[in-house]
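Take a look at the structures listed below.
Here chain A shows up in two complexes: once beside chain B, once beside chain C.
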Partner chain A sequence: MNKVKVLILVSLTAAAAYLSLSYPHAPKDILLNLRFPRVLQGFFTGFSLAVSGAILQGILKNPLADPFIMGVSGGAMLVLLFCKVFSIPDAYFLPAAGGMAAAYFSYIVSRKFSGFSNAGVILSGIAVNAFITALITIFVIFRKDDLIYFFHFSFGNISGVNHREIIYFSIMSCLVFLFFFLKRKSFLAMAFDEVKAVSMGLNAEREKILFFALASLLASFSVGMSGLVGFVGLVGANLARFIFPFSSREYILSCGFIGALLTVSADFAGRAAASPIEIPVGALTAFLGAPFFIYLLYREGKR
Partner chain B sequence: MKKILPLILLVIPIEISAGGLAVFMPSHAEIICELGACGEIAAVGAYCDWPLEIRGKQKIGDYFRPDLEKIYSLKPDIVFLTSSANSTAASDLRKLNLRVEELEPEKNLKDICFTAMRIGKIIGRIEEAEIFCAKLKKDFSSLKPKTRKKVFFEIDSGLWTSGGGSFLNEMLKKAGLENVFSSRKESYFKVSWEAVLKENPDIIISNYSKPEYFYSLPMSSKVKAAAERKIFILDKDLRDMLVRPGPRSPYAARSLMELVNE
Partner chain C sequence: MNAAELRNVSFSYGEKKIFDGLSFILPENSILCVLGPNGSGKSTLLKIMAGLYKPEKGVYLFGGQDFSIFSLREKAEKVAFVPGEINTPFDFSAMQAVIMGRFRFKKWWQDYDAADENTAMEAMKTLDVENIASRNINRISSGERQLVFLSQAMAQKAGMLIMDEPSSHLDIKHKVKLFETVFQMKKNGLSCVYASHDIKASLAFSDYCLCLKYGRLFYFGPSCGMSNDKLADLYDIGDAGNLKNFI
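Presenting the complex of A and B:
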């Protein structure tokens, strides 16, 4: 049964990708050079964000955990902005460093003041995010001419034109995801029963930090590629829990595909709805995701 | 007490009128100076930088974030603003009992004259405004572009552009350029590179992105503008002049025409 569900999910994503590629009709070179990279960018942006959200929700045992809410995405964004201000070119690894730094900072704060409790990490993450958002706003106000692009980037930008970045970040996301997939057993142990995990010989805090870092990396890659696309991490991970039990092998993979499906569809809708005007993808992921999310809460409440 | 209060109320207004004009919009400052009233301007908005003599004037913040305290302390006779739902500046300033004159934003070239006439009426320089209008009309009509070329104009990096309902669109027309997205009435939106490729403009003009950026985009060789090396970045002067509906507008249109036909 689970296999059928995965198959349905994958084919839905494929259908969204196909639609995005083929509508409106365009010559082959446009498909190859613009639409295909764009679908790829949307796919990996959503996939990484949703998996990142799933990892954070798992280890922190809180359905609210999300790279966007916890300042990881903001940290990556801030570093991109610094690169622009000090004209540091093509710094692909730097956004990841920014996202990791933000995550590390919330970790230090929560460890110092709340004993690395799960709620403590999320709360300090929210504080870090608020601080970073404020910094970005201040920057944009004083350097409007240089940074207006970043203002727009903060609603997400999937354009398919930066081929090198798309290739780099897609490969990096794949590698990190593979590494995580190899470690999934200890992830599930950590997410389910920390006490049992420790009795199995796992160092709980070290494992947590490792997964925290992987989640930050995935989120940062998506930011480096496409800016801030909100809500995907939250929706992807929560939606997957309705389809698959958390403990199943398919859970993580389905999170990724739900995120990819949401992002690719949102990007398609943003491109096609008011063509040639583009609606930023971040606005549409929230627009499409939020009502669905509320419906899920309603159903959960009924149970 | 009943006798003192009216007395106080009588005395205060006499004390506070330091006078002068406060002008937020660069285009209004340019028009006021063109009407010969530069000397009456007491304070200007952050972006006002032309003509040179207004650069030394008091700065009162910008239109979105006006320095209310400073404006109040300067007690200008009239504050000039553009009317817009985007800013609460006008209503805030009225609450401070200042005389605020809101002028409609210009949608086309004729509106420059309309604004100038309104300013002329308010500051008592109608004749000057009429002379200015006549000159503006003459300057614009002397612009006779020989060709009509399709242009993609990038306002902000990330392929943000403007549609047909904008002042910029009219300026482009005067310079012999047809905005490829003029069928949309929105004045500020983002398009995809694919959409630009489809429109295949003869010329690409950007406010911020260097030509190299456009040449590096996928399939750029398929765009006529790239194939013919007709991609331009504007310097700050021309960029400002193009979007300020004022006395320099005909000159801006001419400069643009010369730039793309060089």
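Presenting the complex of A and C:
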């Protein structure tokens, strides 16, 4: 039964991708050089964010965790700030590195002050994000020309121009996903009970670090490539749990595809709705995501 | 060969000292019940015996060897621990929970297979919960849950089972099942340590009793040696006569 659901999901995603590629009608070289990379970028951005969200929700045992919870978005924005200030070109891997650094910082801080507790990680992530957002806000007051730049970053920016980086990103996402899939047993044990996990022979602390690293990697590269696409990580993983049981083999894959479906659809809608004006992906995912999220909470309350 | 031994063990949580210089020897293939008022260090002792905490001072010997030198997998082979509470917001079926007990047998990339499923099912049959194998653990009764978690520990096939308050949420039917299973484990050559507030059942189904009173060793010896008077003293109950209504 689960396999049938996955098949339906994959078909829907393929349909969305096809739609995004073919409308509005365009000559072949535009399709190949512009649109296909863009759809691919959208697909893997959504895929990575939803899988990252799923990993973090499982490890933190918190259905409200999102991929940016460890400060990834803050770290990426801080690096972009430096790039602006010192006029360095912002290659996509720099903000990604910034995201990873911020996640690492959250880990160190939470470990020092709360013994690497789940609450500690979340709190330090919030602190990092908040501090850097404040910094950015002050910065753009003095440099209003950069406001548009940060605005575009904050709402996602799936342009499809960096072909090589998109390929790397796609491959990396697949590899991380495959590795995580192999580590399913540990993931499920941690999401069940950390104390029991240790008693069953798992090195809980090491596994936690590993899973945080995988989730941060996916989220950081997503942010580095496509800016902040909000809600996909949160809604994607929660929605997947309504259709697939958490401990099923298909759960994580379905998270990825739901995230991809959301992002590709939102990107398409953003292009087509007010053509030639493009509404950024993040604006649409937030617009659709927020009410949907409230609906999920309502369903949860009824259970 | 003794199952377990504590020699002069001291342990603190940060500043707070839990116990100091605790020593006892548990012979092989026996059942130990741990009694005492709340806050006496029963849970801490169980966690030390399960290898989750390391003694600050002194040594914890398992089968004659220092337990802290074993790897996590080796520890899992020797001891299976059932915590007092397990809470997860996610939906696991009883089978999916029990099969996790097989973790130590698998390589990191391997998934659980049909053989693991059979072992898990057998463990559930022993505890009479095989009929709820496909039910969500968050939707079954607390008694059924506890038995599912006990099945999980049994599927681990460790030499010693350590349980923290296993009977606290159980109705009489499930309590009987639990203690009968523990007793049966001894017949199968295993040992068991548990903390419980079900005093009568605990003493009836165990060989040895260890009583902790606020970190001090109050009593260690055969369970039949625990009298009502000693219990009244342990739990600071003024009138030992009243105890007859409870045990």
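By definition in this document, the second predicted complex is superposed on the first by the 271 of 303 C-alpha atoms of A that agree within 3 Å, B and C clash if a C-alpha of one lies under 4 Å from a C-alpha of the other, contacts with A are read in each partner's own complex, and residues count from 1 in each chain.
FYI, contacts are C-beta pairs under 8 Å (C-beta built on N, C-alpha and C of every residue); 3 or more make two chains touch, one makes a residue touch a chain.
Just so it is clear, the structure is predicted and the values come from calculations on it, not from any experiment.
J.: Just chain B (first), just chain C (second), both, or neither: which does A:Asn62 touch?
T.: second
J.: So in the superposed three-chain picture, is A:Asp193 touching just chain B, just chain C, both, or none of them (first/second/both/neither)?
T.: In the superposition, A:Asp193 touches chain C alone.
J.: Output check: A:Leu202 vs chain B and chain C. Expected answer is one of first, second, both, neither. What do you get?
T.: Only chain C is touched by A:Leu202; chain B is not.
J.: On the A-aligned overlay, A:Ala26 touches which partner chain: chain B = first, chain C = second, or both, or neither?
T.: After superposition on chain A, A:Ala26 lies in contact with chain B alone.
J.: Which partner chains sit in contact with A:Lys185 here, chain B, chain C, both or neither? Use first/second/both/neither.
T.: second
J.: A:Arg35 in the overlay: touching chain B, chain C, both, or neither? Say first, second, both or neither.
T.: In the superposition, A:Arg35 contacts chain B only.
J.: Does the superposition put A:Met1 against chain B (first), chain C (second), both, or neither?
T.: Neither chain B nor chain C is touched by A:Met1.
J.: Thinking of the overlay built on chain A, is A:Arg271 touched by chain B (first), by chain C (second), by both, or by neither?
T.: first
J.: Show me the residue ranges of chain C that touch chain A in the complex, using the header's touch definition.
T.: Within the complex, chain C contacts chain A at residues 50-52, 72-73, 75-77, 79-83, 86-93, 96-97, 100-101, 103-104, 106, 108-112, 152, 156.
J.: Looking at the complex, which residues from chain B come into contact with chain A?
T.: Listed in rising order, the residues are 156-160, 181, 184, 186, 189-195, 197-199, 208, 217-219, 222.
J.: Can you list the chain A residues touching chain C in their complex?
T.: 58, 61-63, 182-186, 188-189, 191-193, 195-196, 198-203, 241, 245-247, 249
J.: Applying the document's contact rule, which stretches of chain A touch chain B when the two form their complex?
T.: Answer in residue numbers: 26, 29-30, 33-35, 37, 145, 148-149, 152-153, 157, 159-161, 163, 271, 275-278, 280.
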